[in-house]
Structures are given as C-alpha cells and as structure tokens.
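One structure, pasted below without further comment.
Here the chain labels run A, B, C, D, E and F in written order, and each chain numbers its own residues starting at 1.
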Amino acid sequence: MQYPIRIPFFAATPSRHPLMQPLPISRYPVPALADLPADIRARIAEVQEKAGFVPNVFVTLAHRPDEFRAFFAYHDALMLREGGLSKAEREMIVVATSGANDCLYCIVAHGAILRVYAKDPLVADQVAVNYRKADITPRQKAMLAFALKIALRSQEVGDDDFAALHAHGFSDEDVWDIGAIAAFFALSNRMANLIAMRPNPEFFLLGRVPKAK
Amino acid sequence: MQYPIRIPFFAATPSRHPLMQPLPISRYPVPALADLPADIRARIAEVQEKAGFVPNVFVTLAHRPDEFRAFFAYHDALMLREGGLSKAEREMIVVATSGANDCLYCIVAHGAILRVYAKDPLVADQVAVNYRKADITPRQKAMLAFALKIALRSQEVGDDDFAALHAHGFSDEDVWDIGAIAAFFALSNRMANLIAMRPNPEFFLLGRVPKAK
Amino acid sequence: MQYPIRIPFFAATPSRHPLMQPLPISRYPVPALADLPADIRARIAEVQEKAGFVPNVFVTLAHRPDEFRAFFAYHDALMLREGGLSKAEREMIVVATSGANDCLYCIVAHGAILRVYAKDPLVADQVAVNYRKADITPRQKAMLAFALKIALRSQEVGDDDFAALHAHGFSDEDVWDIGAIAAFFALSNRMANLIAMRPNPEFFLLGRVPKAK
Amino acid sequence: MQYPIRIPFFAATPSRHPLMQPLPISRYPVPALADLPADIRARIAEVQEKAGFVPNVFVTLAHRPDEFRAFFAYHDALMLREGGLSKAEREMIVVATSGANDCLYCIVAHGAILRVYAKDPLVADQVAVNYRKADITPRQKAMLAFALKIALRSQEVGDDDFAALHAHGFSDEDVWDIGAIAAFFALSNRMANLIAMRPNPEFFLLGRVPKAK
Amino acid sequence: MQYPIRIPFFAATPSRHPLMQPLPISRYPVPALADLPADIRARIAEVQEKAGFVPNVFVTLAHRPDEFRAFFAYHDALMLREGGLSKAEREMIVVATSGANDCLYCIVAHGAILRVYAKDPLVADQVAVNYRKADITPRQKAMLAFALKIALRSQEVGDDDFAALHAHGFSDEDVWDIGAIAAFFALSNRMANLIAMRPNPEFFLLGRVPKAK
Amino acid sequence: MQYPIRIPFFAATPSRHPLMQPLPISRYPVPALADLPADIRARIAEVQEKAGFVPNVFVTLAHRPDEFRAFFAYHDALMLREGGLSKAEREMIVVATSGANDCLYCIVAHGAILRVYAKDPLVADQVAVNYRKADITPRQKAMLAFALKIALRSQEVGDDDFAALHAHGFSDEDVWDIGAIAAFFALSNRMANLIAMRPNPEFFLLGRVPKAK
C-alpha cells in the first residue's frame, strides 16, 4: 500500500539541480501505511478519498500514533467546530500565524485550503505575508491581529483585546476559537519545523485555478 | 461535588488589599463538576485523589470537553512516555519554555512538579529564570537550549542542532520528545495566557519543604 | 490607452465579499499611460510586450517620473548584470529578503519571476518562507543567509561573512551583487509598503503551471 | 567568623546529581569576613542579625569594597526612602524588572523580601512572571508598566508616561523613585549576571509559610 | 588627478595607535579619478568644488558606474525636490533613519549637512541618537516617527499613519517624500555597511563651528 | 553663585526655531548651587575648575543629594580605578553601551571625554555608532563586544565570554571592570533618559579641535 500521488509529481517537476534529490518529507521515518494501526489507516484513507492525495502531515505524524490521535482530535475540535467563525476564517488564522512562525508546511497546505474555502485565489498569499494588506473585512483584520498577538506575545493579552473583538461582534466563545486555533498552530508550526515537514507539491496549486480545468 | 481545597487557602492568605477579590481562575465560565461528562469527571477525580487538590488547568479547560480530551491525551502521550528523558527532565523543558513565554500558570504548576520529581527545592526557579545558571548537567543545558530554540525560533532549527544533541547522547527519538514537549507547551502557555488561567495557591509551596509538613 | 489586462482578471475572481471593491493598486494616483513621458511609456510598452501585462510597480511608481527612472536604472544595473550569480539566484535574493520585510508585492511578483527562471514551481514559496528548508544548494543557502543579514542587520557584517562566501566560491564582486540586491530591495520593499502597492493577479499563478496552458 | 547558614542548607538538600558540587556563589573570590574593612564587616553583621543569614550579594560584592559602599549607599537611598511608594511597592519594581532581565539572584532574593513586606505568599512569583496577571491594584500595574519601560526601552520615555502616572496619583518624585529603582536594578541585575551571583537557599522559602513555623 | 584633501588630514590626526594604518575607505577597490567615465568625473569635480573635498560616497560607489549613476539620480530626485519639506528636514530623515541602522558614514556625513542646513551645531547628534529629545518641532517629531516606522517596520504602515501626518499639515506628497527618503537610505545605509564605507574626517567637524574660522 | 557657562552659549546658537526655547536640562527642578550641601558644592566647584564648565549631570542629579553621592562614588570607583584598562578604554565602554541605549547625554558627554583621552577626534562617533567599524584594536573590539553583551543580554554571559577575553590578555579583574562599567552606565543611561538630561553644548565640540583654539 502506497501514497501514489506524492512521488510522480516531483518526477515531473523540471529541476534546477538535476543531481539533487528532493528533500525527504520528514527528518523522521515515515511509516508504511500497512504498519499503522487501523484507526489511523482509516483516517488516512478518508482524507485521501476526499483530497485525492494524502497530505504529508498525516503520514509524518503517524510516526507516533498516540500523538497523531491527540493532534487530529485537537485539530478537529477546533477547525470543524460550529460557531461564529466561518471555515475560511479559521484557515485565515492558521495561515496568518503560520506566516509569523515561518512554517512552510502550514502556509502552503492551509493556504491551499483557505483558497478553496474562500473561493479566492489571492487571499492566502495576502494573509500569509501581511493581513493588513489583504482583501478581507475590518472584522477579519481584528481577528487576525488578535491571533497574531496570541502567536507572538500572548503574555500581553488583556481586557482591551477582548473589548476590541467584542466591538466587531465576536462573542467570548469566538475569542476562545481565535485564540485556541492560534495556540494549536503554535504547536503545529513547531512540530513541522522540528521534523522539517515538507508540503505536498499538490498544495502549491490547489485553489489557484478553477477546479474544472 | 466541589473543589474544596481551592477556596479556603485564599481566605487564609493575609491580603494586601482587603477589598480586592482574588482574581477568578479563568476568564471563561468554570463548569460545575456535576455538569461534566463522566470521563472528564473521572479524570478530575483521579488527579484530586493523587494530588490532594484539583489543578486549575483541569477545571478551566473542561469548559470545552472535546478540547480537554485532546489536550490531556496529548499531554499524557508526551509526559508519561518511556524514553531517554526522565520525568524531571520533561518538566524542566516545560518550566524553561513557559518561562520564555511568561506563562504564570505553567511556571508555577510545573515548577512544583519539577521540584517534586527532582527532589530539589531550588531547581524550578533556576530553570524558569535562566537555565544557564541552574544546578543541572551540561546535557540538560543542551536539552533546554534546544527546547528554547523550538519555543522561540523553531524556523532556525537545522542539522547542527540535531548533531549537538546527539553529541550529548540524545537519540533522534529523544530530540522529538524535547521538541514536541516544547511545542505542546507553546500551545498550553498560549491557552493559559488567553484565558488568564490562575495557578492554585497549593502549587507555590509544593516541593519546597519536606513532605512530612 | 489602457492597461487592459489588469481589470478583467479581478472581475472574474470569485469574491468572498461581493460588496467589497478590490483594493486600489496604490495609495497614490496612478497616472494614465498617455500622460506619461515618452521614455516611461516606452519602458512600459516593452514590459507589456514581454510579460503580456503591466506589472503594477511600473504604473504606480510612474507617479514620480524622476524616481521611476532612477529606480529602474538601479534595478536593471543589478538584476541584468553579468556575473557569478544566475538570474534565478538574483531573484532568490529578492524573494528571501522581501519575505523578511513582509512585502506582498515583491514576494508575489518576484516569486513568479523566480519560478519562471528556475523552472521550478515550488522554490519561490520555499525561499519566501524559510530558505533553510528550500530545495536549493548549500552555496545558495549561504548566499541567502548573507542577503538576509544585509536586509536585517547590515551593521554586523564583517570579514567573517566575506570569508564564508568566498568558501562557497563567491568572488568579492559576487558579494557586492548579493548585498546590493538585498539593499536595493530594502528600498523597494519599503516603497511598496509605503504606497500599499498591490500585486497583479497574474503573478499569483505565473510559473506554477506549464506555459502551454 | 563565618557565614554559618549558607553551607549546611545545601548539604541537606536532596540532590539529583550526587556527584555534582553546588555552584559557587560568585565567579570571583569571596573575601573572608575577617579580611574586610570594618565598615563592611559591620554592615554584614547588621544584616545577618536582622535576616538570620548573610545574603550573598553582601559577601560577593565585598570583593571590591569601594564599589560595595557605593552600591549599598545607592540601594539604601532608593529603597529606604520615605515617599509615595510603600516598601512592598519598591520591591515589586525590583522583582518585575529583574524578571525582565532574567536575574536569578534578584528575583529570588527580592521576591522573598516582597512576600514578607506584602504579607502575600503569591505576589512575588506573579510579579516576576507577568505583572498583568498579578493580584495588585491598577495603580501598581501602571507603576510596573513604567518600571519595565525604564528597564527595557528608556529612550522612549516621554510626557505621556508622566501623565499616565500622574493620573494614578503618583507625584513627580514618585516617578523618579520608580524610574530610579528600575535603573538601579538595571545595574544590579547586570552585576549579578556578570559574576553569576547565586541566591542563598534561604530566600526560596522565605515568606511562603507563616513565620511561626 | 587625486583627492588631495583626504589623506593629509589623517596624517595630522593624533593617533592612539601609531602603528595602525587608518582603515581604507571601502572594502572594494577605489577607482582613480582618471579612470572614471566623464560624467562621473564631472559630478565628482562639481561636489569637490562645492564642498572643498570629495565625500567618500562618490569615490567608493564609482567602483560601479551604472549603480553610481542610478544612486545619485535617485538621491537628487528625493533630496533636491521642491515640496513641503525643507532641506534640513530631508536631512533629519536621513540622520534619524541612519541612526536606527547604525550606519556610520551616513550619520557622520549627513549629520554634517544637517548642521549646515539647520545652522544648528547640536541638532544632528540629537536626531541621530533620539529624535524625541531633539530641539525640533512636534511636526518634525511626527515626521521622524513615521520615517523610523518605514525604516524599521514598514509592513505595519496604515491609514492611521497617514492621518497622523495629515494632522500636522503634511500632504500625501510630503508623506511620499518622507517615506521615500527613509526607503532610499535603507538602501544607502546597507551599501555603506556592506562596503564598510568610511566617512571623510572633514565631516566630523563641519557645521560645528562658525564657517569664518 | 551660578553656572555661568551654560546659558550664554545657547543664546549664541543660531536657532532654526526662533520662538522655541531650548529644552530645560532636566524634567526635574535643578537646585541652585547655594542650596546644595557643602560636599556637593565642593565637588561641583572642582569639576568646574577642571572642565571650565559644569556638566549637567552634576546639577541635575544634585536634586537628590544622597543619590548624587552614591552615583559619583560608584562612578569614581569604576572610572578612576587603576588596572588593565586605560582611561580611554573605560570611556569607550561608556560610549558604546550608551549608544546601544540611545542615551543622548552620555554619548555626547562621554564621547567628548573619550576624544580628549584618546587624542582622537573621530573615535567617539565611531564607537557610539558601530564599534566594529572603529579605528580600534581587536582587543578593544572584544572588550566592547562583551560590554554590549552586558548592556543588552547579560543573562547569556557564560564561561565562553570570559575565555574570549582572557585570550586577549584581559584578567578576571579587567572583565569585572568592563562588565561593571557597562552595568553602571545601564543605570546612568536610564537616569538620563528618565529625567531627559540634556548635554551641555560645550561637549559637542570638545576634543574635536586642537586645544589651542
């Protein structure tokens, strides 16, 4: 059993450095799908079915099944939650804070998801680089300003920050969502940087061109 | 069912500001134990049995049961894992990186646990402030230098960092442990700062005096 | 006389915010082509001929013809120069330092040019986020480490930096090229941030898919 | 004549590293009390009488008698002065700014003094880590915000800072006190870091338990 | 043809290190005037005529004639432009941002020019170190605050910054001037740091004493 | 009894802003000489005799006699001490660290003293801006690198720093001198910034021209 999509794409990539192998997708061993526990295999099969390929975060973190399970349980609790934030807005938080943490995997992978959810080919690069210049609403800018404060100087958070978000119509539960997503990707970015997790080539193009193409 | 230990301690505390209420333990509602799902109630009962009180992280994060479950599953996967790091060393990582993130709850609570595991009343304050001046081994200093790099500038991690840790006898799996604990507390510190989680008064003294007290 | 390509693309972009106008391409007035001096008109016609559209940097900086002329004369002196650096390497310097300066226009526009020169759809995002994780040679990483030092802490440059680059085979003239490109885009990034220069939508996709499209 | 309390405590400390000697209390020679000038001997005797032990700052700085005299004259002029700040508030400034400078000796020693003056076992850790989360008054938070500005970016101090403190009832002389204490401990923290001054073990527990113990 | 003024001055300087040669004025070869293209020779002759000596920036950058031409064209477009800023104010921007970038050449050379234009022997040192403490108007302080934002964190520039400058009577074109001068000297400071450009000794005294001397 | 030199000089200064009063020399009241205690009057008389004018640090800090006495006792203990550092080297430490702290008074006043001691009109500006580019020996550069580490990140000081200084022939006592001077001016810079201490105009020119003037 393989991850058939990952390799061919690279082979087709015109390479500047013909003798250079593409970097591995992780510093750590990547388990064969067959060797993984059934629940993790099922989760991976599900995402492959849906996305058409297996994002590298699944196979690289599967090196440690218990941490894998906790990671995705946490991820789903935050990203699939109903609430005042749209799916695209949740991904904006991921992309903006991953930009602040220079996390290549998360910017590229979640940038792709953001483009798809927002149906906007430009927004992911805008938000990753500088949310102030992005085509988003003032409410979304306030959301990202707070997310970046959690990412970069959470010790300074205070009542004023909550008041500023309330003024844009965010509830306290929305603020928890914003802060908790930023906090979860503080973890996620550091794991990706630790293991040198490599984004799948598929992500770079996803959501940039009409699907039908 | 109550958390009987928390309140009385405060009442007995000589207060500089007689009219000032102690701050709440969270910006968010703290659920009554009776209202919590059975598995979370069981987990809280277990820690209360063992510690003699309920650390505030349990009752404050219980506000969101799904996130609570993922949080503690992740915590346990990293902190209870067998491997090349002792329990005290894992707590050192928590205390040092929480110091870098100015997280009051984690410094105080995990500082207490570190004192207990290390049977050393001084090490927690040393590590929280400046691991370079702590009574720890050169190997432990290398471990904490790497943990702080993950905490503060994980984008700069490279082969040299792995080599430096290997030179101290750490395996690649040990390096994952160090990095993943630092990453998990990047999340944990930010959640505590987000909700203004307050450390239980019990922690401040724990491990500072002989247990026979 | 118009810039016919810029507008239609936007109109076709599925928009998250139907009532929201796309942001203007500059905070400052954008001159009509007909109002520009002949030499600037010629330069713009030339780039439109070659690229198929007019990059916004040309029309936005044309607001001040004298500065426009000096800007592009400087740009050409550095970017079209023969020497030890390939065209793709010069663009890598632009993309990496623009990433450090959070300059949306330069990352997007020069990222596109880098993809085209390098015939590599992935390298621009890699270099913009974290050159340490990019599929580039150790020599190129040394080049970008120095470029970022010029961008961020040029006061610390010393003999050791020159020696490190010499060890990778760079001549003193190559070092001037690296440093001067980083210095020129220190200017360029700041101008783009000052006027909120907006990247043309065309750039986002350029070099990501085979040209035959 | 000896410093009888310092050594025994350590001997009684359960040590994680049985073969490891406790670190010395200074990188520099510590003079024997008998070799010191009479005025310094008297000062040390006085503090030992009062505290029950000799804080290491006295014996380590005594290596240079002239600097010792100036140091404690300055210290006393600021910390024993009558004025708008209570003794506990003066110590809060020391603890907060020493936290910002990662000075182990000053955090531990002055944290102990703060607990004693404030009759509050929790406040020192709170203020050392993050004064925003401490159980102190808004006036005290404004005081510490200014003290930290002096500690970290005194070049930015301006009329607005004075106005903000006046609004909390501080006089200009109080502002001098706040700023001068922060400035003096900028010196003190750097001296302690320079010589690796080690806090006496007695300080770690002082003010955490009722005195009658 | 020589630069007769530069050398003798040094020879007359009382030297702390008699065996130490003065550092060269550039890491790169300095072309002989006779070897330079006519237009550059003319430009240098002109400045020598006016200033009485040849500032090192002219002879060191002449190492690359094309870049020299673009550099001075850009410089003149910004610094000689008519508009809402006086010549002295333009030089204040240079001095303040060069101070932030620790550029010795630009602080010393443009500090001298600032003293001459402002007819004020003190203002250059004030502005180079801390514009907040300088004898300048509130309008000039707002100008320099913005220039420093462009120099240090141009990605954060937004509408509020423009509004603050408008409130001091600056037009949008004035704001472009301020920002563009800060941007140009972001380039200039980095070039000077790259090549270790050395300020002419003449600059250190210029404008400090009455000209008649 | 007056400070006759200070005022007239200003009156003679050509002023850019005719209606603007020179800023006061301190935010705090400056005591009349007659109102000061005899020992402080004597100290001020002595410096006036020697320098020909009264540096503002004396009259501004005299606002608090006890702190004045401790300040100058400390200053003299460090700056007049015999040892491995020359007087000029001690002033270099002051100027370099005051540059890092943006302290106008100390850069200008001690820059003047450095020029006089070093008999070098250029060295003070060089050291204040960037010691790496100054005409000083490698040993002096190592000294200033350490002084700046004490000024900016003293918590990171370790054995390696001592070894590096020993390699340049500095004894442990010399290292104390370097570190203690940097520490004392950490205090001094902050006091000057707190009270907005203004350098005397005389300092700006001192040591720049032959004394015979």
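Here are a few things to note about the model shown:
We adopt the following convention: a residue touches a chain if its C-beta (ideal position, glycine included) is under 8 Å from a C-beta of that chain, and two chains touch if they have at least 3 such contacts.
Worth saying up front: this structure is predicted, and the values here are computed from it rather than measured.
A repeat of the B-D interface exists among B-C, A-C or C-F. It is A-C, with more than half of its contact pairs matching by residue number. Pairs D-E and D-F differ in how many C-beta pairs touch across them, and the larger number is found at D-F.
Averaged Cα coordinates give chain B a centre that lies 45 Å from the centre of chain F.
The distance from the centre of chain A to the centre of chain F, with each centre set as the mean of the Cα atoms, comes to 52 Å.
Within chain A, residues 102-103, 130, 155, 196 each touch two or more of the remaining chains. Residues of chain E touching chain A in their complex: 155-156, 158.
Only residues 130, 132 of chain C touch chain B when the two sit together in their complex.
Within the complex formed with chain A, the chain C residues making contact are 13-17, 20, 22-23, 88, 99, 102-104, 107-108, 118-123, 125-126, 128-130, 133, 135-137, 196, 198, 201, 204-205, 208-209. By the touch rule above, chain C contacts chain E in their complex via residues 27-28, 63-64, 66-67, 69-71, 73-74, 77-78, 101-103, 150-151, 154-155, 157, 162, 172, 175-176, 179-180, 182-184, 186-191, 193-196.
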